[in-house]
Amino acid sequence: MIDYQGILNNIYQTVILEKDKGEIATYIPELANVDKNAFGIHLHLISGETFSVGDSEKKFSIQSISKVLSLALAMSKVGSDIWNRLDVEPSGNPFNHLSLLELEEGIPRNPLINSGAIVIADVLVSVLDNPKEDFLNFVRDLTGDSSIDYDLKVAYSEKITGYRNYAAANLLKSFNNLENEVDDVLDFYFHQCSLNMTCAQLTKAFFVFANKGKCLLEKTRLTKSQAKRISAIMLTCGFYDEAGEFAFEVGLPGKSGVGGGIVALLPNEFVISVWAPGLNERGNSKLGMQALEQFTTETNQSIF
Amino acid sequence: MIDYQGILNNIYQTVILEKDKGEIATYIPELANVDKNAFGIHLHLISGETFSVGDSEKKFSIQSISKVLSLALAMSKVGSDIWNRLDVEPSGNPFNHLSLLELEEGIPRNPLINSGAIVIADVLVSVLDNPKEDFLNFVRDLTGDSSIDYDLKVAYSEKITGYRNYAAANLLKSFNNLENEVDDVLDFYFHQCSLNMTCAQLTKAFFVFANKGKCLLEKTRLTKSQAKRISAIMLTCGFYDEAGEFAFEVGLPGKSGVGGGIVALLPNEFVISVWAPGLNERGNSKLGMQALEQFTTETNQSIF
Amino acid sequence: MIDYQGILNNIYQTVILEKDKGEIATYIPELANVDKNAFGIHLHLISGETFSVGDSEKKFSIQSISKVLSLALAMSKVGSDIWNRLDVEPSGNPFNHLSLLELEEGIPRNPLINSGAIVIADVLVSVLDNPKEDFLNFVRDLTGDSSIDYDLKVAYSEKITGYRNYAAANLLKSFNNLENEVDDVLDFYFHQCSLNMTCAQLTKAFFVFANKGKCLLEKTRLTKSQAKRISAIMLTCGFYDEAGEFAFEVGLPGKSGVGGGIVALLPNEFVISVWAPGLNERGNSKLGMQALEQFTTETNQSIF
Amino acid sequence: MIDYQGILNNIYQTVILEKDKGEIATYIPELANVDKNAFGIHLHLISGETFSVGDSEKKFSIQSISKVLSLALAMSKVGSDIWNRLDVEPSGNPFNHLSLLELEEGIPRNPLINSGAIVIADVLVSVLDNPKEDFLNFVRDLTGDSSIDYDLKVAYSEKITGYRNYAAANLLKSFNNLENEVDDVLDFYFHQCSLNMTCAQLTKAFFVFANKGKCLLEKTRLTKSQAKRISAIMLTCGFYDEAGEFAFEVGLPGKSGVGGGIVALLPNEFVISVWAPGLNERGNSKLGMQALEQFTTETNQSIF
């Protein structure tokens, strides 16, 4: 028997002593006000038990973590046709680079970089009746928690400063890889990224990927194969140009966001969410990465 | 004495027999309707004489040729400060690539690629009271011809399809290299590119660069040094990724546009404009390039 | 209980009917003579059982698969210091591109692309007394099979045609990321790649990675952590620019070679080797990829 | 009448007061010993008059300036066929980058970057009976000066440290754009670059380009068209990624070398050579660039 609570406590003790907590993302003004000392973990075993430490019930902006959820919704709606419009290869480049997109003629490397997530947003804008509402309901349904909501200030903040994303969307459009209008797609995208969730809620939302496609309430939301494939994409592409490092050091599929959140999972075993708002120089939560490395070392659990 | 008219006639005879006239640019819908057989040349000696052949008095969309005129206006208004925001090096890349812009952190390679011309447009939007009106007046003043005007349909056509330019402008904005709003800058830029001019009018407009900064009416519009430097930029950067080829084959500073126009000049000697709407695979007028090559071969005049 | 033999038989039946068997690599002249119809699989469970089908006992050139073995030897000798000289990130580029190496100033993206493997070869040339002999003994020891040997004709064939590898090694040298002489490092590297092994021998050699660092004979050759990390690198970097695709479709750590071999493994469960010499357009065994996809689908076993 | 001697004297007075003389190139050990305070200019009018100041009769390593001479010899021997193997476009990249070469599949951007000059060296190794001897004789013949010679120490120094050039040559070979063996081509290339010449000798050697193909002794060595085209290539490609800057500031075709030399010319008017061994951060002679800028400003002579 692994003493999960003891391990989470250990991690917490280590982390609060860490002097260099990384840097808060400031490019989205609304995110710059977060407390750098915030730190929480929530662990949810597939068997049902949960463990937590610190600020595991505080809400934060999930940002890029939402890309996995929108991908899941798109795959469940459209199936494998989405792979005609984007690839599943790691990008080997910082997350917002357009060069590769241009070189590869408008085909994003994978759905977890910005350009790829914008294509997925375009898919959802096309197939959903009320994209923003329907996506929100999808997340609420996965978690069984109707209190989850967008942070409209954050969405607006991104809208008026998100020049890189406008550049990416316009470039996609120039390559005919965007069906809808740039403004409509990005409006959805900025809302999607603005979701406010706690560590506890995130573990619930990602339960479906660790549980063969069945969500927490045992309803099937994805096929077994889809759940497996989304996990594979997280492993190879979930951490910008630090994906290899995360696989190397931690050894779990996962996804990070500039809000400082990370979700990771061991299929058929557990989902774990960490939140620590300070980022390392590659844009991933510094203490979050460290906490997950300690977690897999102490539990001796990883996919490898 | 060079028999200029005889040489123009020769060129015309050669060109009308050419079977492969290149391809009309279709990415701007309004330009797609131009007659592929159109062909005109206008030659204006600094001494005052003029010669012409073919459709030299027919208007066409000058497109990128306008970048030289907006650069001239910006240099005359702002001086060398503009070089803090862009460089003067050849790009070595097709004209609409964003990769280099990203790699070099928002500093366009030169003012004659799209991203550089958008920065120049931003400069003009900042310093002119009524940018579109003032720029138009600048061109009318250079030529002494108040009939020159924007083609609003072409400007609108570019506005609703110019995703690449929106991508470039947003990328510039993300690097803080755009002072004004993307929409305002591009509105000006699309108008600037939509200028409708004849070969004869273009030679008049470019007289200032061949005549040490004095325009056709002998009014000083640029310093001698500015005229010389703009000519240098045309030589090294005026033909997208075919600049070296043009210098190699023709040996004159010049600028082409996707409307099929090319203006070239020999300082203190002449300005020559050619129009042939079919483009080669690098986006320059196919027969225009060929005509100018024949012209410098037969006249034995070039800067080298 | 999974009917492994039945599944291997199924795969074999499917594969022999496949009309498009891919293309034999011809850039190494000695490899061009291989029979395109060859096909074999060997499966070795951690529990000890083995299963096979087809040409599982025929020798072939393991080529890039050797990079995992040289990495293992280097890690066992030098420890984590090697990571000062190369990274663990997927390259997102075809396997022989030098551009990224130049852009990143001589630090290879990972040890499984050519430039990275050349750095590893340099490490081994520095630390081993008799590099070629010692590496061969390492592989013989892992497998308990002293019949394994280099194919000197293949090594020589690569030596006289391996201009890309000479380019990479010289570039590394120019960045001071090669301690030994280019010729010495490449002589070792070409020998390493020329190893001739059967599917059965490859599964034995890779047993150490699936078995927490203990080789087939239960001797500890790597730490548990090293075995896990090498598996992580295989997953993210083992298939050139098709790594994401392999993780997505197959879901196992593995490594391919241009000789048509692929080894893959499920930690604590099994190692499987496939050989089918025809390659797909990305340089991986076409039928080998397909066979492994069928294998994980039918056994329902993957790391995700 | 322009007071050339007075202008050269002025430049000298300005330059010797300059505190920041740039940095001596150290990557070729033999070059590192040069006196940073050396400075000389030699001016040779087409009319025959010559002017000089400072160390105009001291020998230095002409390095990349030799690329223009080898190009001239190759064009005179092979004609325009050489353009099947390389292009004439500016590279827009630092002089030793391989990325572009790889991207463009082994076709160098132009003959004045290293990879292009290596292709030209290959051409000469193929067509000359005794490449090193014949090239030396070509330069001696152009200048009428049989004292010009290679510096064998410098050639050897480059041979044992020129890893970048070995990388480029091997990459060219891998793309089948090198007919001869890498070692043979580079042996010639390193000798070619090691030529020791004075400013006075360089102006004589480059006389042929400014004088319509006739060398100092009025013997025709190039066609008029070849002389013109080589000048065009110098203008667009002669200064690595500072070619546009040189055209912009100076306005003359020219070529620089890491030994600190620069030759520039105004067709039908003059050839000028400057030597100042300290380089700017882009690898061109710092004071040499400055001297030539002052020269064209004070004489008011440029091609534009």
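General observations
Note that the chains are named A, B, C and D in the order they appear, and that numbering of residues resets to 1 at the start of each chain.
Here is the rule we use: contacts are C-beta pairs under 8 Å (C-beta built on N, C-alpha and C of every residue); 3 or more make two chains touch, one makes a residue touch a chain.
Just so it is clear, the model here is predicted, and its values are computed rather than measured.
Most remote chain with respect to subunit B, judged by CA-atom centres, is C. The geometric centre of subunit B is 32 Å away from that of subunit D, both derived from CA atoms.
Rounded to a whole number, the gap between the C-alpha centres of subunit A and subunit D is 55 angstrom. Here the CA centre of subunit A is 47 Å from the CA centre of subunit B. Annotation for subunit B: no residues touch 2 or more other chains. A complete list of chain pairs in contact reads A-B, A-C, B-D, C-D.
For subunit A in complex with subunit B, the residues that touch the partner chain are 97-99, 102-103, 163-164, 166-168, 170-171, 173-174, 182. For subunit B in complex with subunit D, the residues that touch the partner chain are 87-93, 100, 109-110, 227-229, 231-233, 235-237, 241-245, 247-248, 251, 253, 267, 302-304.
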